[in-house]
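One structure is given below, represented as C-alpha cells, and several questions about it will come after.
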Amino acid sequence: MGSYILKRLVSGVLVVLIVATATFMLMRSIPGGPFRREKALPAAIQRNIEARYKLNDPLWKQYLDYMKNMLRGDFGPSFKYIGRSVNSIIEDGFPVSAVLGGVTIIFSLVVGIPAGIISALNQNKWQDNLAMGIAIVGVSVPSFVMATLLMYVFAVKLRWFPAAMWGTPRHVVLPMLALSAFPTAFFARLMRSSTLDVLSQDYIRTARSKGLSWAAVVYKHVLKNSVLPIITYLGPQAAAILTGSFVVESIFAIPGLGRYYVTSIYNRDYTTIMGVTIFYCIILVALNLLVDIAYSWLDPRIKLTEAKE
Amino acid sequence: MEYSPELFQQVPKDIASAEAIVRPSVTYWQDAWRRLKQNKMAMVGLWTIAAILLIAIFGPMVSPYSYSDQDLASQNQGPSRAHWLGTDDLGRDMLTRLMYGARISLTVGIMASVLNLTVGVIYGGISGYYGGRVDNIMMRIVEILTAIPMLLYVILLMVILEPGLQNILIALGVVYWLSMARIVRGQVLSLKEQDFVLAARTIGASDWRIILKHLVPNAMGPIIVTATLNIPSAIFTEAFLSFIGLGVSAPMASWGALASDALQGFRTYPWQLFYPAIAISITMFAFNFLGDGLRDALDPKQRK
Amino acid sequence: MDRLLEVTNLHTSFRTYAGVVQAVRGVSFHVNRGEAVALVGESGCGKSVTALSIMQLVPPPGKVTEGCIAFDGKDLTAMTEREMQHVRGNEIGMIFQDPMTSLNPVLSIKTQIVESLRLHQNLRGEAATHRALELLRMVGIPSPERRLAAYPHQFSGGMRQRVMIAMALACSPKLLIADEPTTALDVTIQAQIIELMKELKEKLGMSIILITHDLGVVAGLAQRVVVMYAGKVAEQGTVDEIYKSPQHPYTWGLLKSVPRLDATRKDKLVPIYGQPPDLISPPQGCPFAPRCDWAMNICKTAQPEFTTLSDTHQVACWLQHSMAPANPRVKRGGAA
C-alpha cells in the first residue's frame, strides 16, 4: 500500500514537471516571444519583466530559472497588472473558487448518486424516466447557457437570489446549480448504469440465495461495487467543474480564480495564464492522487495487483 | 385417442429440421438498426440532426441577409417580419447569423470527431494489436496525457495559435483522441485473442490487413458510439472557447460567440442570448439522444 | 421414504420481446431426506430454471406460472417474499456454476459467510467468527484463520467453490441445490468438489439437488437421476436404472456422449445431432422427435405419457407403447 502511494506520488510529480515544461515551451513558442508582442509596453513593466525573466539569457537558462522559481512556489509577476504577482492573484481567487467547486462537487454527488440508484432500481418505470430525462438535460445544456438561464429566471425575473458578486450563502446557490448541472447528471447516469451492471452479477444472485432481503442486498452488495466507477470519474469531473467555473464565475461576476483566468486570456496576460495553468494542473494531479488512494482503499483487488509486482 | 399401426411407423430422422436454426438469423447491424428504430428518443435525435444539417447547409443560401450585413438603423430589434428573430447590436439579422453559427458548430463537431476517430483508431489499434512493450509505452503516454486537464491546453493552444476555425480544429484534434484510443485498444486486445484473427493469420494476412479488415469492423460498435458522443463535446468545447473569446474571429460567429456577444446586453435583450443557447442545447440533446440510443443498440451485452 | 421436496407440474416462463419462452413445462420430481438427486440435461433444458424456481429467484421477466413446490410440508410458491427469505440460505442453500463471479469481489469471505449466520442464527462477533472458521475447516480450506479476512480474488477457483459451499451450508440447510458446481473447474478439482459434497452429505444428512450436464459427475454423488429435455422430464430413475437400463433415446444419447474408462475401442463417442426445439413455440409432439433415431409418426403429433417401469423408474417415450416396433434396449413396462 505504501509503495503504491509512493509510486502514484512520483508519477504525479512527473506529470506536473511535464506540464510545466510543456506550458513554458508553448508560451515561448509564440512568434516573437510573449513579452515583445505588444507594441507599447509600459516602461515600468518592461523593465520589471526584463529584470525578472532575463529575456536576454539563453532559453535553457530561462527555463531553469522558471522551474526553480516554480518549485519554490513563485509564479512571477503579472504581465498586465503593475505590481501584482501571479501568486497574489491565485491567493485572492483560489479560496473563492475552491468553495464554489467544493459545494458543487458535494451537491452533485449527494444528488446524483441517489438519483442514479433510484433509477436503476426502478428501471424503465416513471422514476427512472423522470430522473434520466432531467439528467439528459443536465449533460446537454452547456454551463454558460445554464448559468444565464438561471440568472434570468431566479435573479432578474423572480429576484430570489442575487445576480452577481460573492459573499453570502445566497450568492453561492445559482452558480453552484449552474456548475453542478453537468456533474450531477453525469454521476446520475453513471451510477444508474453501474448499478444495473452490478445487479446483473452472479454474486447478487448468491446474496439473494442466502436469504438477504432486497434492501439488504442493495445496501451491502450493490452499493460498494457500483460506486467504484464514480470514484474513478471524480478527477475528470473536478477538471470539468474547474473549466466550467471559468464561464460561470465570469457570468456571475464572482471574484474567483476562474474569472481572473478568463480575464488574463482576454488580456493576453501571458505570465498569469502560464502560472494559473500550472497551478490548476497541480491541483488536479493532487486530486487524482487522492482519488486513486481512495479507490485502492475501497477496492481490495487493487492491492493484490500491486503486491504481485 | 385411437392408435393405429401406421402411427407407430418409424420415420427417418430429420436432421435438417433438427439442425435448422429456429429463429430467423439477424445480423448484428440489422439487429442494431431494429433496436435503434424502436428507441423513440434516438430517432427524434437522428431527425433533429438531419434537420439542423439541412438548415445549416441551405439556410444561409435562401436568407436575404448575410451574416456580416450591418444595418445600424435597426439595432437590437425584436422579432419582426423582416427579421424573424430580430437583430443584434449592429443590426445584423439574428436568424442568418444563427444559421451560419450552425455551420460552424456542426463543422467543428463533426470534423473534430473525425479527427479524433482517425488518431484514436490508429493509435489504439497499433497499441492493442502489437501489445507487450509497445502497448505498455503507448498506454503510459496516454495515462500521463489523461492526468493533464486537456481543456486547459486547448485554451493554451488557442492563445498561441490565435482564434480561427482551422486552429480550433487543430487544438481539439490534438487533444481529444485519448478516450477513443483507449476504447479501440481495449476492443482490439479482447478481439485479437479470438479465433478468427488467428485464422486470418494462418492464411498469411498482413498486420495492416488484419487491423483494418478484421479488428476495426468488429470493434465498430463502441467506436461509433464514442465518435457520436464526441461530436456534442466538441461542439460544447467550441462554444465554450468562443464564449471566453477564443473562438472563430468576427464577424463570423459560432453559437458560443453569439451567446458571448449577447451577454453584455443580456438584461435588456435577453432573446439575443436565448436563440444561440436554445440552438446549442437542442443540438446537444439530439446528439446525446442519438449517442445513447446507439450505445444501447450496439452493445452486444444487451442483445437478447 | 420421507419426502423433503416435491415439485409438481412446475411451469416457468419468460416473457421476452420475441414471445413467451416456456423454459419449464410441467416438471414433477421429488427429493427424499438425505438423498441426492441429479437433474441432468443439455444447456437450455430448464434445469437451472427449475432450481431457481425452487428458490423463488427466477430473474425477471421469468415467472412461475403454474405448479406446486412442497418443501418440508410448505408450498414455496405460495410463500411471501419475507417467508421465502427465511427459507433461502437457512433451509435451502444454493451454490452456483462459476465461483469466480459468484462471490462479491469487494467483501472479505468472512463478511460473506457471517452474513447468513447473523441473518438466520443471530450469531455475532466471536461466535460468528468461530462458526465461520469451523465452516472453512469443514470444507477443507487450509489454515482458515489466515484465510478468513481474505478477499475472493485471493483464492483459486476450487478454493472459491469450497468457500461457496461453506456459505451455503452455514446454517445447516436441509437441502443444498448445486447448480453445475464443477463445470467451471479443472477436472482434478471437479472430483475433489464432488467428493467433498458427498462427504458433507453423509456428515450433515442433508439432501442435495445436483444440476449438471455431465453424467460422469452424477454417479459419484447422486442416488437418483432426473433427465430433462426441453423443459420436461424425459426419464427418471435410480442411478443404476439410468446407467444400466436407460429407456429414453435421449438418455441413450447422453450416455453415449460421455467418455467412459471401461469403454472398448468400438464404443465410439457419439454426439447427439441437432439442437433442442425453440421453447417459444414448443412442438406438440415429443420434443426430442426431430433428433431421435427411432422417431415414429406418432412422436411428431402427440406427447408421450409417463410409463412406470418400477417404483423409481419412469420414462416418457412412445417406444414403451405395445404397438411400437420392438427394440432390444426397450424393456416395456405396463401398457401406455
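For reference, chains read A, B and C in written order, and residue numbers begin at 1 within each chain.
By our rule, a residue touches a chain if its C-beta (ideal position, glycine included) is under 8 Å from a C-beta of that chain, and two chains touch if they have at least 3 such contacts.
Note that the structure is a prediction, hence the values are computed from the model and not measured.
Asker: Comparing the two chain pairs, does A-C have more C-beta contacts than B-C, or is it the other way round?
Answerer: When A-C is set beside B-C, the one with more contacts is A-C.
Asker: Just grab the chain with the largest centre-to-centre distance to subunit B, centres being mean Cα coordinates.
Answerer: Using the mean of the C-alpha atoms as each chain's centre, the farthest one from subunit B is C.
Asker: So, comparing each chain's Cα centre against the centre of all protein Cα atoms, which one is closest?
Answerer: Central chain is B.
Asker: Centroid from C-alpha atoms only, then distance subunit A to subunit B, rounded to Å. What do you get?
Answerer: That pair's centroid distance is 24 Å.
Asker: Could you tell me the distance, in whole angstrom, between the mean C-alpha positions of subunit B and subunit C?
Answerer: Roughly 49 Å separates the two chain centres.
Asker: On a C-alpha centroid basis, what's the spacing between subunit A and subunit C, in Å?
Answerer: Subunit A and subunit C have C-alpha centres separated by 53 Å.
Asker: Where on subunit C is subunit A touching in the complex?
Answerer: Contact set of subunit C toward subunit A: 55, 57, 59, 81-82, 84-90, 93-94, 96, 98, 101-108, 115-116, 119-120, 151, 153-154, 164, 167-168.
Asker: Under the touch definition given earlier, write down the residues of subunit B that touch subunit C in their complex.
Answerer: 1, 3, 5-11, 13-15, 17-19, 21-23, 304
Asker: Mind listing the subunit A positions that touch subunit C in their complex?
Answerer: Counting only subunit A, the residues touching subunit C are 201-203, 205-214, 216, 220-221, 224-225, 228, 298-301, 304.
Asker: Where on subunit A does subunit B make contact in their complex?
Answerer: Its residues touching subunit B are 11-12, 14-15, 18-19, 22-23, 26-27, 29-30, 136-137, 139-142, 144-145, 148-149, 152, 156, 239, 242-243, 246-247, 250-251, 262, 265-266, 268, 270, 273, 277, 280-281, 284-285, 288.
Asker: Over in the complex, which subunit B residues touch subunit A? Could you list them?
Answerer: Counting only subunit B, the residues touching subunit A are 144, 147-149, 151-153, 155-157, 159-160, 232, 236, 239-240, 243-246, 256, 259, 263, 266-267, 270, 273, 277, 280-281, 284-285, 288-289, 292.
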